[in-house]
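The next part holds the structures, each set out as C-alpha cells.
One chain, chain A, appears in both complexes that follow, with chain B as partner in the first and chain C in the second.
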Partner chain A sequence: MKSLAELQALRDKMQAQMGIRREEELSTRIVVGMATCGIAAGARPVLAAFTDEISKRRLTDVAVVQTGCVGICQYEPVVEVYRPGEEKVTYVKMTADKVARVVADHIVNGNVVTEFTIGALK
Partner chain B sequence: MYRSHVLICGGTGCTSSGSERIINTLEKELKEAGLAEEIKVIRTGCFGLCALGPIMVVYPEGAFYSMVTPEDIPEIVSEHFVKGRIVTRLLYQETVAEDGAITSLDDTNFYKKQLRIALHNCGVINPENINEYIAYDGYQALGKVLTEMKPADVIKVLLDAGLRGRGGGGFPTGKKWEFAAAQPAGQKYVVCNADEGDPGAFMDRSILEGDPHVVIEAMAIAGYAIGADTGVVYVRAEYPIAVKRLQIAIDQAREAGLLGKDIFGTGFNFDIHIRLGAGAFVCGEETALLTSIEGHRGEPRPRPPYPAVAGLFGKPTIINNVETFANIPPIIRKGVEWYRQIGTERSKGTKVFALGGKISNTGLVEVPMGTTLREIVEEIGGGIPGGGTFKAAQTGGPSGGCIPASLMDTPIDYDSLMAIGSMMGSGGLIVMDQTTCMVDIAKFFLEFTVDESCGKCVPCRIGTKRLYEMLDKVTQGKATMEDLDKMEALCYHIKESALCGLGQTAPNPVLSTLRYFRDEYVAHIEEKRCPAGVCKALLSYHILEDKCIGCTICARNCPVGCISGTVKQPHKIDNTACIKCGACEEKCRFGAIVKR
Partner chain C sequence: MTELSLHVLDIAQNSVSAGASLIEIEVAIDTRGDRMTISVTDNGKGMDGRTARLAQDPFYTTRTTRKVGLGIPLFKMSALMSGGSFKLEGRPGEGTRIEAVFGYSHIDRLPLGDMAQTMAALIAGSPNIDFVYRLSKDGRDFALDTREMRAVLADIPLSTPEVLEFVRRQIAGASEDIVQT
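Here is the complex of A and B:
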C-alpha cells in the first residue's frame, strides 16, 4: 500500500463484503424457500446466484436468508422479496438464470419482474 | 460472497470454555452439509459477556447464541443454516421478544448502557485479518495524521479531547506526548504497556485479542507526533492468544506497508517489536517496565527524570496503556467535539471495566465516565447471583480501594474515585457480597503486593510485610485496638516513602476498608468474631438442638470425626477437634448447623 487512496479503495471493497454484520435491520430481505421441496427443485443454486449477484453489485443493504416450506411446493423454488414500504413479492419456479434480472430490475431499480411472480401463473 | 457470517468468540474467556472445539465442529459440519462456500466462520475477540460463553452470533439475522456446546452444532447447522429456522432454545433469552422475534443485542440490559469506543471492534471483526479492520475505517486515522496534520496538531487534538491515561493514574495523554515531542530530535521510543497484572483485570488482553491493529495504528500515530520511529509493546507472556494475534497483526501491517519505511509515501518510518514480560507485577510500573525491556531485572527507578525526558535506553519515551492507545484512532477520526460530549467535566470518554466476583454477568463492559457503580452492578452486571446483597466493590485491584454500598450512586470518574479513597486503576471491578470479610479481602490484596514487591526500597519490602502480619493478627483474633492505630500509621508511612506506584498504593485496600468497614475490624478484635463468617480462627460450628433430627449425615461426613451423637438424637460438635472445613454445614439438609 503506497497511498491513502489505495487504503480507501480497499476499505470500500471490504465494506461491501461485511455489510451483513450490522446490528440494524437490513432494509431488503430476499427469502429463499429451503425446505426439502425447495432444495429438490433447485433452490440451492438460486440462493448462490443471489449472493453472487449482490456481492458483484456491492449491495450492502440486502440480506439473503432462507426459510422453510411456504406451502406451494409445486412452484418451488420460491423466493420472496421484502422491501420497506412495499408489499411482499413472491417469485416462483426460480432458476439461477432468472436471478440477475430480479436483482437488476427489482432490487436495484424497484421494478417488480411481474412475469416471474406467482400472479403470472396460469 | 457469503450469505451468512458466523462470529464465534475466540477470546481467552470463551476459548477456555471450549470455543475452539465449537469452531472446529462447525467447520466440519458446514463442509459436510456443503455450506462451506456460503457461510463464513469468523473467530473474533471478546464480546464482553464472558459469563455466557462460548458465544456465537449469526448474521444477517443477528441471532445471539450463548453457552453453545459442540453437541449443539449439528442442530444449528441443520436447522438454522439449512432450513433458516433459528434455534430459539440457545438464544440469549434477553434478545427474544415476547412474540418470539429477535431483538437487537444493543437493547439488552448488558449492552444498553454501554458505549464502546476502545472495544468498538471487539467481537465484530476477525482480529487476524487486517482487511476487516480496514473495512471498519482502520488506518484511516493514521492516513489522516500523516497527510493532513503536523505533529503538533495531533498533540493538540489529544489535549483538547481531554484523554487521560487509562492505566491507572489518569495523567493527560496529550501532556505526556508534548513533553516527549519537546525533547531534541534523535532516537525516541513509543512504548505500549500491556503488562496487565491486576488480579481480575483483563481489558488490555481483550483489546489485543479482539482488535490488535488499533494499538498498532495508535502507536504509529504516537511515533509521528513525538518523532519516534520505533515502538515496543511490552506484553505479559501469560497472554499467549494476545501475543500471537498481535504478532500476526504486526506482520500483516508490515506486509501492507502500514508499518515500515515511507508509510503512505510520506517519508514517515515506524516499526513495532514485541517484548514479553516474565510475570512480575511491578513490571507494569513504567520505570520498571523500561528497565525490564533494557534487559535488566524489572526494578523501578526514581523519577525524575521522567521517561519523556530519559526513558528507554535513556532516550525520550512515551508509555501508554493499551486502552489509552485504543481510544486514539477514534478520536482522530471522529473529532474532538464528538469525544468531549462523552463523560464528565474532567474525565472524558469511556472506561472499560472487567466485572468479576459476586456478579451475574461476569465480563467486560465499557461505559461513559460518570456512570454510577449502581448502574454497572445492578443493570449491566445483572446484580448479585443467588439473592445476595451488595456489600462493596473493589476498583483498581491491589492498588485501589473499596466502594461501600452507601456510595453506589457516586459517578465513576478519576476524581470522584480518588475523593472516596479508591482509584480508577486499570479497570478491574470486583464485586463483593455479604459473605466477603473485608479484613480478609484486605489481607488477600496485601498478600499479593508482599509477593510482588520487588524489594528495592525498604518501605515496600518490609513495610508491606509488617502490614500483612498485622492483618493476619486481626483475622486470628489476636490483635488489639492499638494495633489498628499502628496499622493506619504504617499505611501512611509506606504511601509517603515508597519508591514507585506499587508501594505507594499498596496500603490502599487496608486504608479504604478501615475507612468504610472499621466496625468489622473492631468486631474481629473486641468480640473475636468475623461478621461475614470467613476468618476460620474466629469461627465455630454449632448444632441447633431443636432442628437436628439425628440423621447422622454430618457425623458420617466429618473428616476428623469430631461430631458425636446417637441416631435420632441431636448431635454435638467437639470444637476442640473441629477443623472448620464446613462439610457438615453443607451436608445438613435441615439447616441445623450454623457457624458463629
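Here is the complex of A and C:
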C-alpha cells in the first residue's frame, strides 16, 4: 500500500495526544441502525455526519457505534442516544442535515430535539 | 439500494455477524469484457450448500425477530438486473464468498457509489476485524489492507477519526484515479 509514510506521520501526531484521550471515559453513546433497512433508507451518510461532527467538536467522551435492525424499519434511519442518568432517546427518519442540531442541542447542551424523536410521529 | 457500495456495506455486515476476522472486498472492472465484478470473501463460520441456496430467498433468515432477510436477495437482484450473475458459496467452518457480476455498461447497473464511506463505516463499526479493499480497472489497481495499517499504527485503534479520514481519503483518491479515467 502506498502512503504508509503518511499514516506513520499521522500515528506520531496522534500518539502525542493519546495520553489525554485515554483518561476520559465515554459518557454518551450514539447508536446508528445499519442493517439492510437502515442502509437502504440512508443510514451511511447519517453515521458519517455524526462521526464528523463529534470529531470536529472534539467530543472525546462520545462514542458513535453501529447496530443491526432495531425493528422499526419504516422509521429508518433510526438513531438512539444513550446518556448516563437519562432515558434512551430514539430519533427517527434521520438525515445528515439533522445531525448537527442533534449534536449541538442534545449531545452538547442536553436538550432533546423532540421534533425529531419517535414520540413526535403521528 | 441506490448504489452498489451500499450493497457492499450491507453484505459485509453479514460477514461481521458470521464472526469473520478477515473480510476481503474486491471491485474489478473489465471494460473490454464489459463486466464489473464485486466480491466479498470472509473467513467466518461459513455455511453449507443448502443454507447458501436458502439465503438467496427473501423469505429466509436466521434471525428470529422477523421473517424476512433482504440483504442478499437485493444484491442478487441488482446483479441480475444488469445482465450479470450471482454466486454465493460457503464452507462450514471456513468462510463464505459472494460474487456478483454486473453488466458494466448496462443501463440498469447501479453506480458503484461511495466505497470510501462504505469502507470507513465498516472499519469504524468493527475496528478489530481486518479488511482488505481492492479496486481494479483494466489492469490498474489499488489496495488498502488494514493489517498493514495496524502494523504502522501500533496501539492506535483503526476507529480513530483521523485514521478513518485517512481511509476515506485513500479510497476516494484511488477511485478518482482508477475508475473515473
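FYI, the second predicted complex is superposed on the first by the 97 of 122 C-alpha atoms of A that agree within 3 Å, B and C clash if a C-alpha of one lies under 4 Å from a C-alpha of the other, contacts with A are read in each partner's own complex, and residues count from 1 in each chain.
Definition applied: a contact is a pair of C-beta atoms (placed from the backbone, for glycine too) under 8 Å apart; a residue touches a chain by one contact, two chains touch by 3 or more.
A quick note: this is a predicted structure, and the numbers were derived from the prediction, not measured.
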item	value
Chain B versus chain C as contact partner of A:Arg11, first or second or both or neither	both
Touching partner for A:Gly71 - first (chain B), second (chain C), both, neither	second
Which of chain B and chain C A:Glu86 touches, first, second, both or neither	neither
Partner chain(s) touched by A:Glu115 [first = chain B, second = chain C, both, neither]	neither
Partner chain in contact with A:Ala40 - chain B first, chain C second, else both or neither	second
Which of chain B and chain C A:Asp97 touches, first, second, both or neither	neither
Shared contact residues on chain A - chain B and chain C	1, 3-4, 7-8, 10-11, 14-15, 18, 34-35, 44, 47-48, 51, 54-55, 64-66, 68
Chain B residues touching chain A - in the complex, by the definition given at the top	1-5, 7, 34, 37-38, 59-62, 82-85, 104-106, 124, 131-132, 134-140, 143, 147, 256-258, 264-265
Interfacial residue positions of chain A with respect to chain B in the complex	1-4, 7-8, 10-11, 14-15, 17-18, 20-24, 26, 31, 34-35, 44, 47-48, 50-52, 54-56, 63-68
Touching residues on chain C, where the partner in the complex is chain A	1, 6, 9-10, 13, 17, 65-66, 69-71, 74, 114, 117-118, 120-121, 124-125, 143-145, 148-149, 152-156, 160-166, 170
Of chain A, residues touching chain C in the complex	1, 3-4, 6-8, 10-11, 13-15, 18, 34-37, 39-40, 44-45, 47-48, 51, 54-55, 64-66, 68-69, 71
